[in-house]
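Chain nomenclature is as follows: A, B, C and D, assigned in order of appearance, with residue numbering initiated at 1 for each chain independently.
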C-alpha cells in the first residue's frame, strides 16, 4: 500500500469517527483528515434531548477526547464545511474555497431536518432539534411556563417531548402527529397507545391524526392551526417531522444519489475510492433492500465497514435492521425489525412482568419484536431478525422471558448451531 | 515479529457454552455480591432446555463503544471495554449494537452497565462450581508460549491432530536451545525432514522406534562434554515409548541420562492405522482389538508408563494435557530445569480418528479425561508426588466415554469397570501424594 | 551424476527452506473470523495444530495456505468470533 | 636388528616400545584408548566382555577420559555411540553374536545414515543352537549391512586395525561405520606380544575428530539428521553409499602406507598375499586360520607343491580386483570358511571368491572348505588336506564343490 495514502472523512459524527479508527487499525501508514462543519468537539445529536433534560453535562458528551484524535494521528478540522466534491480531481472544496486532496474519501455527512410544510406568512421561527446550536437556541428561548408545540411524534419529537416534560418549570408540551399514533414507524398501535398513555400521564398533550397547516404570529406567541382547523397557542414551535440526508451539495458531482448516497455492502459509492456511511448512506438492509436507517448503531457499523475497506481490508456490512430503544419516564420501550402486522404474519402478544411483548413472525422466522417495560436485548433480537432465524417454536419463551431467550438463541446462532 | 508475543493479547473469560447445571446461578450471585448488579446473566431456560451464562467477552472492536453517543464506553489499555455510568444517558444504542448479550440495562437508574472483568479477577469465574466459567490468563500463557514456532506449517498430520498441536506447544515453551528427537509415528512428520529438506529449524534427529533415548544419551553426553546447555528433547509416541522402545527408555531413566522425554500418548499405533498399544484404554476398539461376538475391544488395562517412570529413577515425571496449557508449560519448564536425570512428560494426546470422535474434539476429550479422573494430572520430583489438578468431584466416566465412538459398544457393567479403573488410578496417585508428598508449589519460572 | 543433496547421508539443512505440504488444499471448511468480535485472547493462535494463525492486530486469522480446516479454533474461541464455512465444492 | 617374530614381515617397532603380552581383547582396548574416543557404550557379551572390562579399568585408572555408558542392551550401545558421533564426537562399541543381531536395526541405521562409528566384533557362532564358541557366522549375518569390515589375524593387527578403522571411517571420502573383527577365543583370549604405540605417534596418524569435515548435530548450525527419504534421493544415497564403499576399498592401501610411516608396521592392503605370486594354486581365508595356512603353504612348498595364500583383511568392501589379480594364472582356488551360507550351503567367503573367479579365463575350480565351527580347531592337518585337495582339483581331479573339514 502507498504509505502516503490520504484518507479524508467528511463528517465527524459516529460514522466518521468509527471509520477513522478502522483506518488506523490497519498496520499500513496513512493520513487521515476528519472535517466537521460544526465547531463543537465531535458529538452525536442523540445526546440533545438528554442535554436538554440535564441528565448529562455538555462537557461529558464528546464522542472522543481531544487526545484520541492525536493518538490515532487524525487531523481534525472543526467548523469547516465542505461545499463541493470534484471526483475526477479527487479533491473536496471547503467553504473558504481551499481544497483537500484525497485518495479515499468517506462521506459521513449526516442528515438535516425536514422543514414542516405549512403556511407561515409571518415567517415565524420554527425551531429544529438536530444540532447543538439548536439546543442552545431552544434553551435560550425556553422560559418558565413556556408553551411548546412539537411537530411530529417520531423518534426526535418524542424524546424532545419527554425531555421537556421532565424539566417541569411549568412547561406545557403539545405534540402534533399526522398519524393516528405516536412513533408510527416504530411501534404498532397497541404499544404506541401505551406509550401515549405514559406521556399523557406526565402531562404531555397530543393531537394525533392531524397536521400543522399554518403558523401565525399572535402577539408574543404563535397560533398553530392544525388540519382540523382548530388553533393552538404556543410560545415555541419545534419541527420534528423527520430528517433527510445532507446530500444536495453532491448533485452533479457524479456520486449516484437516491434518497441518500447509494452504497453497496462495502459502503462504496459508484465512484471508486469514495465511500459513504451513516445517516446519509442509502445502504443495504438485512432484508436485501436498500435504504436509510439514520440511527447510531447503523452509523457506527457502516463507518467501521467503510473505514476498513478504505484502508484495504475487504469487509461487508451484513445489512441494517431497524431498531430503537427508548427510555420514556423510566419505562423502556424497544422495537426491532418490522412491527407491522401483515397478512402473511403471525403475532404473539403477551403481557408479562408488568410489561408487554409483541413478536412478529413470517412462517418460522422472526421479523419484528417490540417490548415495553420488560427487560430484553435489542441486539440479540436484531441478530435473530437479520439472520432470518426460524425461532417460531420458541415464541412463547421469547415473549415471556425475552432477555434470556433472545440471548440464548442469538448465542446459539453465533456458534452456528 | 511473532503473533504470540503481541502485548495486546489479553486474559479472557471462557464460558463453556450451555454447559451449566440447571438452576445454578452461582456466577450471578457472585457478581451481584461483588458489583450489586449482576453483569453476567444466567440463561437458565428449562423450557428450551438450555442452561448457560452470558456476559461481555470484551470484543477488540466493540460495537457498543462505537455506537455510544456520549463516549461513555471506552476500551482501557488492557483492552477491557468499560462503561462510565456517569456519562451514560440510557439511550440504549449500545444494547442495540451489541449482538452478544454483553450490555445490560438498569431500569431503575436508566443506565446501561456491563462487565469489566472485575479488573482481571472476575468473581463469577471464582464462584463457578463446575468449571464452566474459567478465567484464562492467556496473556501469561502467551508469554509462556512466546517462542516462535520452528516447525513447518505444512506438515502431513491429520487436521486437528493433538500430536501436532502438542508438539508445537511443547517446543514454543522449550525454545531454541534444544535438539528435538522423533521416532516413527504421527508426530515425526514435524521433525523428520523430507528428503533433502528439513521440517524444523531446530536441530533434529529422526530415531528408530527402538533407540530414541539411546541416541539421545550419546548426544546429551557429548553436549555435556563440550559444555553446552542445549537440551535433548524427545517427542515420541506411546508405541515407541511403552512397547518396542521401552527398554532403552528404561535404561536411560535408570542411568539418569539428562534428557527430556515427552511421550505423546494417543493410545495406539495411529500412524499405521489404529492398532492397540500397551497404553490403550481397556475396552477400546482398535483394529487389533475389534468388536465382535467373541471380542469386545481391548481386554487389558493400560500400562501406566508415567508411574513406571516415576519408580524408575527418573528425576522428574509428569502427566500433562493440552486442555491445561498453563500446567503443561509449567511441567515442561520443570522438566527442562531438572538436569540431574531423565525427565519424562506424558502428554495425553487423543486421536480423534482412532478414538472415533469429531475433528474438533481433542481439547474437549482432553478436558473430560481429566475431569472424569480417567487421566489424572500429577507430577513427581525424585519420587515425591503431587496432584497438580485435583478433581474433587469427578464427573461420571460416561461423560468421557460418550465422546468417543471406540467405547460405543460398552455396556453399563463395562463402563462401571472403566470408572473403577480410573478411580483406582486416581486414588493410587492420591495415596502416593499423601505418603510421599512433593512440596506444594515449585517457584514459578 | 546429478545429486540433489550436498551430503553423503540423509541430512537436511533448514536454511534451504522447510519442507511443507500444501495442507490448505485438504480443507473442506474454512475458518472465518469476525475481527470486530475477537477478544484477542490468542487461544486460537495457541491451539492451532498447524500453527497457521497469525496476529492481524485487530484480530487473529488463519493463513489458508496451510489451514487444514479442523475447526479447533472455532471450538476454542471463547468469543465465538470464528465460524467454519464450507469450501466451495465440498 | 631382526624384527621380532610376532611382527608382520618387514615390520619394525617404530616407537621402540617394548612389546607386551596382550590378548586380543586387551589389544583392542589399547587401540581404543589410543584413539581417544569421546564415548564408549557397550553391553557385555562373551567373548567381547574382557575388552569392555579393560576399557572400564582404563576409565577407573583415569587413563580413559571418554564418557562411558552402561547401556541396557546392544541396540542402545550402538545407538548411543552413533548419537555421540552425530554430535561431532568419536565413539566406540563392541559386541558379538546375538548382541550383533540384537542391534541389527541400529546397525543398518548407522550405515544408512553414514555415521562413522567403530565397532569391534569379537566373532562368535550365531545362536541357535546355543553356543558361545568361536565362529565367523555373526559377521556373516551383517555382511550386507553397509559397514566396512576388517578381519584381523593377530592381536597386534587388532590394535592397529582399530586405529586404521577410525582413520578410514572418519575420512571425508568415506564417512562409513567400520567393524574390526576378530575371532572369539582364538584371538580375543589369545595372548601375544603386542607393541603398544606411543600416543604421539597415534595422534599424528589419527587427527582429532574435530578436524574432520562432516555435518554435526547442534545448535550452531541446526540440521536434521536421518530424514525421511523416498524415490530418486533414496537411490542417490544408495549410490553414494556404494561409491564410498569403493573409495574405502581403494583407500586402505594408502592408509596402510601412512600407518607404516607413522607406526612402522606395514600391512598388505585389503588382501595379504603370502607366497601367492608364483603359486600354482591359491588358498583364500580370513582371520586367525591364515596363520596356520601360512605354515601349511610353507610345508607344501618344501614338498615342491607351489601353494599360495591370500588373506582377506578387508571383507567389506570385498577387494575383488586384488583377489582377481591373485587368482589369475592359478589352476585352482580353495576357500576356507568358518561360516555357512544356508541355501548356497557353502562358505560365505567362498561365494564371494567364486563370483570374482567368474572373470577368469579360463575358468578354474573353486572349492569351499567349511571348518572351525563352534570353536573347533582348524588344525594344520585339516588345512593341509584342504590345500592338497585344491591342488589336485587344479590338476584335473574331480570332486565335490563343498567339503566340511573334519566331518568328511
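The rule is short, and it goes like this: a contact is a pair of C-beta atoms (placed from the backbone, for glycine too) under 8 Å apart; a residue touches a chain by one contact, two chains touch by 3 or more.
From a predicted model like this one, the values you see are computed outputs, not experimental measurements.
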Chain nearest the global centroid, as defined over all protein CA atoms shown: C
Chain A and chain D: spacing of chain centres that average the CA atoms, whole Å: 95
Inter-centroid spacing, chain D versus chain C (mean Cα positions, whole Å): 53
Euclidean distance of C-alpha centroids - chain A vs chain C, Å: 42
Residue list for chain D, restricted to those that touch at least two other chains: 222-229, 233
Multi-chain contact sites of chain B, meaning residues that touch two or more partners: 17, 61, 63, 100, 193-201
Numbers and ranges of chain C residues touching at least 2 other chains: 4-5, 7, 10, 12-14, 35-36, 57-58, 74, 80
Chain contact graph, described as a line, ring, star, complete graph or other shape: other
Chain pairs that touch, as defined at the top of this document: A-B, A-C, B-C, B-D, C-D
Interface residues, chain C side, partner chain A - complex: 35-36, 57-58, 74, 80, 83-84
Residue ranges of chain C in contact with chain D within the complex: 1, 3-5, 7-14
Contact footprint of chain D on chain B as seen in their complex: 176-179, 188, 191-208, 210-211, 213-226, 228, 230, 247-248, 250-252, 254-255
Interface residues, chain B side, partner chain A - complex: 17-18, 41-45, 47-48, 50, 52, 54, 61, 63, 66-72, 86-87, 89-93, 95-101, 103, 105, 107-108, 110
Of all residues in chain C, those that touch chain B in their complex: 4-5, 7, 10, 12-14, 16-24, 26-27, 35-43, 45-55, 57-60, 63, 65-66, 68-72, 74-76, 78-81
